[in-house]
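Below you'll find a set of structures to go through.
Each of the two complexes below includes subunit A, the first together with subunit B, the second together with subunit C.
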Partner chain A sequence: MNKKHAAGGSVFHLTKRSSISRKKAWAIRFAAILLSLLVCAVFIFMITKQNPLQVYAGIIDGAVGTNRRLWVTIRETMTLLIIAVGLTPAFRMRFWNIGAEGQILMGGMMTAFMMINFGNTIPSGLLLVLILIVSVAAGMIWGLFPAVFKAYFNTNETLFTLMLNYVAIQIIDFCIVYWENPKGSNSVGIINAGTRAGWMPQVFGSDYGLNVIIVILVTILMSLYMRYSKQGYELAVVGESQNTARYAGISVPRVMIRTMMISGGICGLAGAIIVSGASHTISTATAGGRGFTAIIVAWMSKFNPIAMLAVSVFLVFMQQGSIQIASQFGLNENASDIITGILLFFLIGCEFFINYRIERKKESGEG
Partner chain B sequence: MNVILTFIQQAIGQGIAILFGATGEILTEKSGNLNLGIPGIMYMGGIAGLMGAFFYENGNENPIPVVGLVVAMLCCVAASVLGGLIYTFLTVTLRANQNVVGLALTTFGTGFGNFFGGSISKIAGGVGQISVKVTASAFRARIPVLSGIPVLGQILFSYGFLTYLAIILALVSTYVIRRMRVGLHLIAVGESPATADAAGINVSRYKYTATLIGSAIAGLGGLYFVMEYLGGTWSNNGFGDRGWLAVALVILALWNPANAIWGSFIFGGLYIIYIYIPGLNRATQELVKMFPYVITIIVLIFTSRRNKPENQPPASLGLNYFREER
Partner chain C sequence: MKKRILSLVLAASMATMMLAGCGGSGAAEAPAADETTEETAEEAGEEAAEEAGEASGLTAETVKVGVIYVGDENEGYTESHMKGIAAMKAELGLSDDQVIEKTNIGEDEACHDAAADLAEQGCNIIFANSFGHETYMMQAASEYPDVQFCHATGYQAASSGLPNMHNYFTSIYEARYVSGVVAGMKLAEMVAAGDVTEDAAKIGYVGAYPYAEVVSGFTSFFLGVRSICPYATMEVKYTNSWADMSMEAQVAKELIADNCVLISQHADTTGAPSACEELGVPCVGYNVSMIEVAPNAALTSPTNNWAPYYIYAVQSVIDGTPMDADWCKGLADGSVEITELNENTIAEGTAEKVAEVEAAIKDGSLHVFDTSTFTVEGASLEDKIAEGGDYAAYADFVSDGYFHESEATSAPAFDIIIDGITAVAE
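And then the complex of A and B:
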């Protein structure tokens, strides 16, 4: 059946929808989400042999059951959202920035560097501002390399940015040797645990309030930049057709380099938010695969900020919930990756049914 | 002399898993599919083989090594093909973006491996770490007489059969791609699917077949790592970034599986050379571990500068083919 679909074969006939009502599109997405939850329930049932409804109650409890859990879910959602926002301009330009992991790590590394070395000498407010600046700069530089080579040599950016992730991981490992605390532990530990120097201050009575403010601000600014600025328009034109861009007098290399610096910069900022605003430590797992998940978030949301927020909330909610379930049953937390994977497959797959209409052919009708 | 011998053996031991992955990914990429799910598929293949052997050994009083080996191979291939099927169904049939699907598959597959690797003995009602010594002994069996030859035997014949299978698969793949009609059709599909379609080649069938076979081969890399390298046990994230190194090796090999053979030995060597360079401290060791990636980036830049057509990635790599949008 599959092949018949793809080849536009004899039983089914595919037509591209010229338009679809918003209601219908959301109905399809909703159906996909329900279906994915059903598959997840089967999976959870097979592992735990518990009533899936109870398990889902457990997931809700794990994600938002206590004030602390709720804030962790909010924090993780914001982190995923800002990375997705950072990736948006690059993808809009059809530049496959798979290197968010590396850009986050470089931003996080500079944050840890500032916290460790200047925690006692620079006043806290100024230190925080400096942290934000240097982490953005570090992310920018990490985004700059692949952009320059793509712009002038047409080097494949997917593979280039991917490799830079692992270069960044080794740099972090290198730094950990110097920063480890206590000596010999091979981990950095909580930085400035006593003085809280370079930590983001409490806002709204929560440690993560400032994270929310920064992320929402960046999201709004990016959305304005993409929609109303000349630069946002230019990068969309480059994404649609480089030839058109050239014909219109847009310098493709310039747009490419500029856009990737913005994209990398925001991912670097995400690194600062993770290190200074959440974990207060640095390790090779600081990015933790979120750079990859965010790619999918940005792509599936078609760069609509509201949709990005919704997808981020959904994914993080399920992740946090399933981590809780797994630890309840003494299983390891990688269960959440399986759940995430299943949800993503359905969300990715349902786009097809939004874009295409499948019709059964009449018996006599020949293609 | 002994140090050099051990180094060569270890480099080859590190390289074989990467070689399986690269051979699988080259076949896949030749059809125009950039499958970034290969690292996840390798995790899936590894854990499935391990689980198959685990349940076989647990269910039998006196497990026979060879039967365990067959069970492990079958489970490994089945799980890898399942991973490949998710990828092809979403990208070829449902026309979803290849990078997005691939990355989701890697998230899924890595989680799949680590979850079951860490929990399977608990789920089965046991305690402690999963271990399949009997089956692993079949994977680790060496060629009897030949491996006894000094030096030559140690370098050439001191490995389990998967090592030789990896090399044979790479050579066969190159032969098929370069010399056989199906291989030439495959290249046509990867270079220009519209032209291939017009010539009467079933593009979707080629994409499906190449990706599924590629996934099965890549999965064997995970099985090799679990059975021969680790000796029939699991360590969470122990496979590490080898899956991505396999994707990198595709570039170094210039999309030719035969080149991937020596390329995998180089990568394997670079992976462990920090142990053998004298005078490194812990910090500089980490910098030396960067070599495989930096070298890949340099090769990538050079291949994009040179314009030799046979050394380039397939022209339609990463792009899906829609007949209606020609």
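And then the complex of A and C:
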């Protein structure tokens, strides 16, 4: 960590670290967070002339300041986490599924469909089970298309999944024409506001308790699946090298299709959690860009579930806090986006110093 | 083999447990859930009641106001609400920490989160300004019965059965009619100068969504034009968005390419006026004066002034007097107006004509939706209603020779496409 000397102008070079102690790695990360908070503080003061500590306090207050805010933060965290969990197997297989938005929307659409059409006829508990099944199925189908085409025709999955997002948005737009109230307003409003049919029930005295249970359960199962199951191993092999996989007798198309169905299915489930467990409405903004944010979550965490939880908490924390600082200090939400950006820059940037060591040229020569 | 079984078990349990597991609890928890909701609602109610009790004499020093905006100061519609709130603050002498404003709140659970949060922060009255916020405001209103919830542009307050839920709007159709008169004067001038023939005097209208709020708006504008130029026709195209600058510019250009000689809009950005400035076509804006973006094209803009409502509503809460479930005021109360006339572009005599029309609307001698001034499918609206069918639903609105817009409910109700207007909803 002799950055100061390096900046002094002498010739320096980078060496890849062969290993780094866990303690040191975390020390670097911690230093990065402190540094980023410092830079943010300077930024806040320069641009807004507000006391940075007060702004930080505002962010914390906005995210966890009251029981309700805490639950909202938990709800949003869980939503982001389950999408990241859904993306994990696909990305581990090096299948660039950037179609989570579409998979979420399709799951959400089927949820809304069930709530609107069967809210009065099917008993609440059964309806909820059906909602979860059809939303997973819808997400699976949306994940299946790009997987089949990639497996058999070697199409580019990045473009394919991205384009399917737009298809999903158009389908939602189409459905809204039938569901909107009043006609032409482009707004569906709360579905089954009176009967709460198809809404996730309260657990732990909170509207969002069930969201937590489902997401944590799926996260644990996924983590076990990835770590201990044969299928989890197979998809990792396919991700490392398809030739190796073939040589080992793994059917690449099969693994690809199976994995994308799981990935899409979980994203579809996320759609059900959003619609049935939180918003109780459907619009083209239901996914709200979270399908893309979750990619950052998954990658930054290197697919470690605990890290994914931490990153999700962090991002949602900042986002919820931003609502508070916007109303408290008149700071536009963009201010918190900048703060989040600076923090992310330092966090991702510090990985560089974990992997590499900077040394002065004259000191070099070691292995 | 072991691993295979494990993976099978895992895959199976992933599917079943997460479905069956929560499904089971779903059934079991459903009745319990209702109880807890009631409890929380009661608790919240008690808290709010206590507060109200303490301050049964709420004063301008103690009242707390919450506001939920769909956008922020960069968006014309929200900006006009913010100005209204600021005027209310100044008028009633409220300090900064008595007004909590939340910007960029979407039309989903974020609105309920924000409303409940404001109620918990001790707000006595909470406003929300976007159409899609309504059901979330109603949800919050049922949870916090001692807080007043006021929703702009909505239509469900009176029928919701919630005494603390209110809708408010302005009679913007009156200002649109006046702006239509300004446009009509311009059109007549163009015809007199021989720039266009009477047959080709077609106006283009950039609308947001094909429902009552927009239809009522463009009809009143068109009737204003017609009062000057009975030969005018109008073509409406929708952007399916409230604020999409490039889309609005594009639709304006399409309309101009389709031989429209004057453009008006019901959408929130400056997209259409800038397109008109580029192509040299006169236009009528919305919300804000467009003279700055289109100095050689803009005529005027109809605009809302929300301050009278915000002053009325907050004053009612301070005084403890009941508030209207539906509030809608127009020109006579200063709730709507047209922005400054652009001397560069308007026809001669416009200012005098505007003053005359405004006076007539204010004293009630002129009704915007006068049924003798338009026909529907070739017949008068009264005849269509008498015929029955779909039009019978309008029977309650029409009496004394005009359509009573925004009287029963504050939100616009006129959603009939009258003769002379072509509007294609996609």
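Keep in mind that, in the parts below, the second predicted complex is superposed on the first by the 327 of 367 C-alpha atoms of A that agree within 3 Å, B and C clash if a C-alpha of one lies under 4 Å from a C-alpha of the other, contacts with A are read in each partner's own complex, and residues count from 1 in each chain.
Here is the rule we use: a contact is a pair of C-beta atoms (placed from the backbone, for glycine too) under 8 Å apart; a residue touches a chain by one contact, two chains touch by 3 or more.
Every value quoted in this text rests on a predicted model; they were computed, and no experiment measured them.
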item: Partner chain in contact with A:Leu128 - subunit B first, subunit C second, else both or neither; value: second
item: Contacts of A:Phe292 with subunit B and subunit C, given as first, second, both or neither; value: first
item: Which superposed partner A:Asn154 touches (first subunit B, second subunit C, both, neither); value: first
item: Subunit B versus subunit C as contact partner of A:Ile216, first or second or both or neither; value: neither
item: First (subunit B), second (subunit C), both or neither touched by A:Ile323; value: second
item: First (subunit B), second (subunit C), both or neither touched by A:Ile28; value: neither
item: Subunit B versus subunit C as contact partner of A:Gly341, first or second or both or neither; value: first
item: Partner chain in contact with A:Asn332 - subunit B first, subunit C second, else both or neither; value: both
item: Touched partner set for A:Ala307, first subunit B, second subunit C, both or neither; value: neither
item: Contacts on subunit A seen with subunit B and repeated with subunit C across the two complexes; value: 332
item: Sites on subunit B touched by subunit A in the complex; value: 34, 36, 86, 89-90, 92-97, 99-101, 103-112, 114-115, 118-119, 122-123, 202-205, 208, 236, 241, 244, 247-248, 251, 281-284, 286-287, 289-290, 293-294, 296-297, 300-301, 304-305, 313, 318, 323-324
item: Subunit B partner contacts - residues on subunit A that touch it in the complex; value: 2-3, 5-8, 14, 16, 47, 96, 98, 149, 153-156, 158-160, 162-167, 169-171, 173-174, 177-178, 289, 292-293, 295-296, 299-300, 330-332, 334-338, 340-342, 344-345, 348-349, 351-352, 355-356
item: Partner subunit C, residues of subunit A touching it in the complex; value: 66, 68-69, 72, 123-126, 128-129, 132-133, 136, 182-187, 189-190, 193, 196, 200-203, 205, 210, 213-214, 217-218, 221-222, 224-225, 228-233, 262, 269, 278-281, 283, 285-286, 288, 323, 326-327, 332-333
item: Subunit A contact footprint on subunit C (complex, rising order); value: 3-4, 6-7, 10-11, 13-15, 17-30, 32-34, 36-37, 40, 72, 100-109, 113-114, 116-117, 120, 131-132, 134-136, 138-139, 155, 209-214, 240, 415, 425
